[in-house]
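For reference, chains read A, B, C, D, E and F in written order, and residue numbers begin at 1 within each chain.
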Amino acid sequence: MIDKTDAIIELALQEDIGHQDVTTRILIDNNETGSSHIRAKEDFLLAGIEVFSRVFYRLKKEIKITSFFDNGEEIKEGDIIAELTGPLWALLAGERTALNFLQRLAGIATYTRQVVKKIERYPVRILDTRKTTPGWRILEKEAVRIGGGYNHRWGLYDGILIKDNHIKAAGGIAKAIEKARLKAPLLSKIEVETTSFEEVEAALKAKADIIMLDNMSLEHIKRAVERIGKKVPVEASGGITLKTVEAIAKTGIDFISMGELTTVSRAVDITMELEN
Amino acid sequence: MIDKTDAIIELALQEDIGHQDVTTRILIDNNETGSSHIRAKEDFLLAGIEVFSRVFYRLKKEIKITSFFDNGEEIKEGDIIAELTGPLWALLAGERTALNFLQRLAGIATYTRQVVKKIERYPVRILDTRKTTPGWRILEKEAVRIGGGYNHRWGLYDGILIKDNHIKAAGGIAKAIEKARLKAPLLSKIEVETTSFEEVEAALKAKADIIMLDNMSLEHIKRAVERIGKKVPVEASGGITLKTVEAIAKTGIDFISMGELTTVSRAVDITMELEN
Amino acid sequence: MIDKTDAIIELALQEDIGHQDVTTRILIDNNETGSSHIRAKEDFLLAGIEVFSRVFYRLKKEIKITSFFDNGEEIKEGDIIAELTGPLWALLAGERTALNFLQRLAGIATYTRQVVKKIERYPVRILDTRKTTPGWRILEKEAVRIGGGYNHRWGLYDGILIKDNHIKAAGGIAKAIEKARLKAPLLSKIEVETTSFEEVEAALKAKADIIMLDNMSLEHIKRAVERIGKKVPVEASGGITLKTVEAIAKTGIDFISMGELTTVSRAVDITMELEN
Amino acid sequence: MIDKTDAIIELALQEDIGHQDVTTRILIDNNETGSSHIRAKEDFLLAGIEVFSRVFYRLKKEIKITSFFDNGEEIKEGDIIAELTGPLWALLAGERTALNFLQRLAGIATYTRQVVKKIERYPVRILDTRKTTPGWRILEKEAVRIGGGYNHRWGLYDGILIKDNHIKAAGGIAKAIEKARLKAPLLSKIEVETTSFEEVEAALKAKADIIMLDNMSLEHIKRAVERIGKKVPVEASGGITLKTVEAIAKTGIDFISMGELTTVSRAVDITMELEN
Amino acid sequence: MIDKTDAIIELALQEDIGHQDVTTRILIDNNETGSSHIRAKEDFLLAGIEVFSRVFYRLKKEIKITSFFDNGEEIKEGDIIAELTGPLWALLAGERTALNFLQRLAGIATYTRQVVKKIERYPVRILDTRKTTPGWRILEKEAVRIGGGYNHRWGLYDGILIKDNHIKAAGGIAKAIEKARLKAPLLSKIEVETTSFEEVEAALKAKADIIMLDNMSLEHIKRAVERIGKKVPVEASGGITLKTVEAIAKTGIDFISMGELTTVSRAVDITMELEN
Amino acid sequence: MIDKTDAIIELALQEDIGHQDVTTRILIDNNETGSSHIRAKEDFLLAGIEVFSRVFYRLKKEIKITSFFDNGEEIKEGDIIAELTGPLWALLAGERTALNFLQRLAGIATYTRQVVKKIERYPVRILDTRKTTPGWRILEKEAVRIGGGYNHRWGLYDGILIKDNHIKAAGGIAKAIEKARLKAPLLSKIEVETTSFEEVEAALKAKADIIMLDNMSLEHIKRAVERIGKKVPVEASGGITLKTVEAIAKTGIDFISMGELTTVSRAVDITMELEN
């Protein structure tokens, strides 16, 4: 099955290699084999190791890769993460693309872990959002889980999230929830985005499955959480950062969703070294 | 012509929308039209505005988009960047994907501009690298140009860059350059990566078209630049950051390539607001 | 956006037309235009009319199509459903494929409507299943809705349905639900398939969001429904037919899922007639 | 070679699995293996067994499948048709799609066999039509052959079938056949659809390779067959059912084409059971 | 419908343009428009003019193209064949690919016409073969028709051609034809390849629809044609050239197939000139 | 990685085989295996042998192929080039497509070798052009190298070639080169097409990396070469043939590009013979 991960890998290899790696075609004999290892140049949490391998397998399935760490393990600067053996041209041609995947995904897991550590004493879960890199949704959502976060919906297709405009179009929160309840696929919960206490009341009354507090101040979040009183799970969302997340966790909220997990995390530093 | 930009847009829309936007299908009438605008929530340099539009056109070509700014213009917090009119369902379904492209590309242009400002008094050019987001090469290289940077090669296919392993396989720098000179496509220059003064000498002697100084200290870069003495363009590469770039520029180097342009830049904050 | 409907239409046109419609290439002038209409040859409920049009538009976008009925309307034998005008070769080349879609989808809607009529006096909803024609999921699920049915999940990706083997692997219903509750995407409900009263009890206790009674006898369904007593929605599933559906509806069950909607429904009879 | 069967299998797996089987991801360990068998829940004629396997191989090529029956064999209720061993997640994720193919194709073969039995004492062949499920042409045509039927043309590309409109455009049957004879690919026969005795006469005179009697009454078919007197093969077509097929066979006709083979046949009942 | 012509055009544009036409991106303003015409630099028979246009439309649908000649017309050196107006970048980027199609297809039509002229006094038709340029089958077969030739089968799928190995596997010509007659799609003729008089006799006796004389000498062809005596059409095949074709036509053969039509024909000379 | 070679092979197999090889399906048992060899029917230079194999592997990866010659070796009439063993149906179905690739590519290598021999006493290199068969760029460029030629740029993406119109748009050669120098990717050389001595002077002065003399007479080429005096490499281009190439080589030019390499070369004669 050619899945979306194959699609993005394919696209990536094609944009980098194009008709061929000209330097390597000219200077490296087609039959020459080689070995290399990848080494961490800083501390981080590993994610993306199987995508890293998949890039090389997709390029040339004869490449052998041995990983010394699994996704989710803490890597220290200097650690050898994996070893590769195979046609030298393929090691050289796949290096950059494979590392580009690995460095970014490990970056997301590492950042997520940092956030999660901030709130680990509270009964709250950190959620990702749909603010992922286009083409990378499936990979980034997994990196978030590896870092200790949880997944909000995967896309527009696997959950009902009623926003401002849906409410207006339906004629109010009550009507929107009622209509959604009738038409939703059997296994979809219904979440309602609220921006005021009136809306929170309406959502409670209409029996939303989950209530989102969108861009509310800390004070308002506290009041809303109290009012809702565990009757239904509550999610805080909007502009939450590594700095503010703990204060929000303290309000007793059930879920905190953070676009930052996938928009500000940076690639970690990993290098491939060829052996002689 | 279905180019790579269409491919990544297609992938992005499919991963977000899947079989359909269920909330919208249930709550928004198919024939309802609407308007929206996108608004900057911080200052940045605009890039990606035509990709933003292309996402919506690809989703539903009847959407009308008016842009008030071009790529390369300075945007201030609060600026309305563009207005959209069209089927309401399509505005809602395309919003997240279109913004995800725009926010990241503007982030790269903005960061590049910051770097470029640091070195604008020096006769040096900032170059991107191949450390781009897999699937996004063409988009990110353009964002770098918009920010005032220049493009190194686009991939392994459009230039000869001789590294350590190529040199070993060929039996030395002289032989590698000679062989490359013979076999290179007519219009490709030959750049050699050097890590020592001996290698710089060898590259000079063998008449490389460009010499790269890889991961050299500031001191070494200075000495190498002096030695080369404008005989051939010189590029500094490896671990250069916003903080260190100016010092390197002062060495008289011709080009500075920075992976950071595309690996640490973050998405800028832009929002879409529906009108009533 | 090239969605799955385009993919199946494309596949269908290619398998029927191949390199070309040879008869038409030889006998019909390329510039000749024509008109045709489609006429019902029996009574049915209309579904698939927009896919019918999409086939022709995909083949030749200059074709004009006017529909006289919408999906969901009752069609009587002899009714003219739509008129087409355009290049004659395209009307001839697209006819069979477009009708093949329309006839089957209308067949599903018609059959669903029959089932729904049987149970309309009971507060129960008829659900489809994943027993759809491979490649047609999205189209058939919509035809079911048009016929008055409701959608169970769309695929393995948009809902948690815990079956026998999942329960075994997790070490019992309680543990399975607990684990699923922890790991499920935020907006997914958890349904458990049960085959005995013990399992029903366990599912109730573990707070499943929905309980499925799989292949239970009418008697057992009644008892289970009573026991559950509206604490949580209950679905009957397994081998339910047009003949048995009403008896099951009488048990007070909330949902009845029927594979039959998409496995035994037949294509209705519709014809295209060219005008002179 | 990625043929059309792979294309429809790919589409089917993607629409069912999407980004992943969430239940299985959460509850089944990735390395767990399992076994299952498929069992007939009614009597039928087997078809589609190699497509069934291909679905699983496409999903995960390590799955081992042993079939105990070949396409074309009579299956009795309770028969174990095949056994599967492999990663448990893959058995669960591929089950529904693989069965959906198998059940429908076996249904077509079974129905075709029923029709063929009705006419086995007559020197006539049962033909399929182009009224197949879009996307399934190649699979359904093979199921018809397995059931004892024969294939009419595969699409618009592999045979000349001159209908009403082609005749009009060419200015009569004689001219149409003459023109087709001149322009047809070397190995294509020319069949003419006739609806009256005059047309039959014209087709005979113009030396059509095959004459189709379209929607004629039994009486008219008899007369036409007599008139043609074995000079050229004759095909009866249009609205022929399991009930009427024998009467038509008695007329001495050479071929009977029946859309019903692929439009009214239903999926047979087959189940997969996991072993412990 | 994305047909095979679009597929080869797409492939061609991508291999030539890649990520972009760098020269044009740098030197031509995106909004600049221009005009050009294509001019014949030798005499030839026109073919491929609609593919030429399709390349440009596929690249940028706003380009306007006016053709002054149709496929099948004789072009004289110096003739202006068509005029184009549109974005200058697109005229420049599409030029080479569009001409590459046009020049080769016109070359095939021109060569076919030459062959056809040699035999125009004889009641014989010139046929193409499957020795076409991979990826170009549909285009080259049409160019042959434009040149006055006729099409043999389009591929392995639209006709039965029984060769040596098929005969061996079936146990002789008689058995092979009998089996093929039984299993062939309704509208496929059966041709048999023969290399001796014994095989010709066997094919005649078994009522092949067409007999091919493969690589026979002129003398043998004559004798075979006499023996067959118009009972069934006869095709000469194998190594026939522009020089030998007339002698073969004189034997009274019905069809002559020539691989040369598509393997030795050369591209004609056509140029595009930009206007000021 | 599915590269462009796979894409053209895929397209080729699909256009030839379509839904299936009907003759073989009917007459050859699916499990029958066979052997064959390919034999040269004339002398030529081998190219395309790995593409030949790739066609068969793509069709059925179980086929075993042993090559007795490598690309670049001289083949004599009668030589057995390779042997194949595998499923008989696959040998028959892949034969034509695989040979079509091989014959054309060997034809290009053979013709290139002929040209190269003509000029081997001169210090000049023969270059290909972009006048390749659409879809075959990568294959034909390699065949040229095998024949002893060199590659000009691969497409519009990997080199700057400034032509007439670019010069006009930029306002003269000097400005065009200056602008290109500023904007070109780091590793691209800049070539300028000149048609007069004035333009040659301007190009020299503006320090073009390479100067092309387009369609100049022998006399003018001589004078231009003298004037340039090895300051920068010079390429002759336009209408150069096997007959005229030596005279041009004598002028002292550095490169000669010839469209003929890929537009007039013909397919060489190679056959596949099945063994018993």
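By our rule, contacts are C-beta pairs under 8 Å (C-beta built on N, C-alpha and C of every residue); 3 or more make two chains touch, one makes a residue touch a chain.
Predicted model only: the values in this text are computed from it and were never measured.
Q: Which chains, if any, touch chain C and chain E both?
A: A, B, D, F
Q: Suppose chain centres are the mean of their C-alpha atoms. Which chain sits farthest from chain C?
A: So the farthest one, by centre of C-alpha atoms, is F.
Q: Regarding the chain B and chain C pair, does the interface count as same (over half of residue numbers shared) or different (under half shared)?
A: Chain B vs chain C: different; shared/all numbers falls short of half.
Q: Which chain lies the greatest distance away from chain A when centres are computed from Cα atoms alone?
A: Most remote chain from chain A, centroid-wise, comes out as E.
Q: Between A-C, A-B or C-E, which repeats the contact pattern of E-F in over half of its pairs?
A: A-B
Q: If you average the CA atoms of chain A and of chain D, how many Å lie between those two points?
A: One centre to the other, that is 45 Å.
Q: How many Å are there between the centre of chain C and the centre of chain D, using C-alpha atoms for each centre?
A: Roughly 22 Å separates the two chain centres.
Q: Counting only Cα atoms for the centres, state how far chain B is from chain F in Å.
A: Here chain B and chain F have centroids separated by 33 Å.
Q: Mind pulling the chain C residues that touch 2 or more other chains?
A: 4, 14-15, 17-20, 137-138, 154-155, 157-161, 183, 185, 188
Q: Which positions of chain A touch chain D when the two form their complex?
A: For chain A paired with chain D, touching residues are 1-4, 137-138, 154-155, 157.
Q: Can you name the residues of chain B that touch chain A in the complex?
A: 4, 7-9, 11-12, 14-29, 32, 34, 88, 92-93, 96-97, 100-101, 103-104, 130-138, 154-166, 168-170, 176, 179-180, 183-185, 188, 263-264, 266-267, 274, 276
Q: Spell out the residues on chain D that touch chain A in their complex, using ranges where they run on.
A: Residues 10, 13-14, 17-20, 58-59 of chain D touch chain A in their complex.
Q: Quick check on the complex: what are the chain B residues that touch chain D?
A: Residue positions touching the partner: 15, 18-19.
Q: Contact residues on chain B for chain F in the complex?
A: Touch list, chain B to chain F: 127, 150-154, 157-161, 183, 185-191, 209-210, 235, 255.
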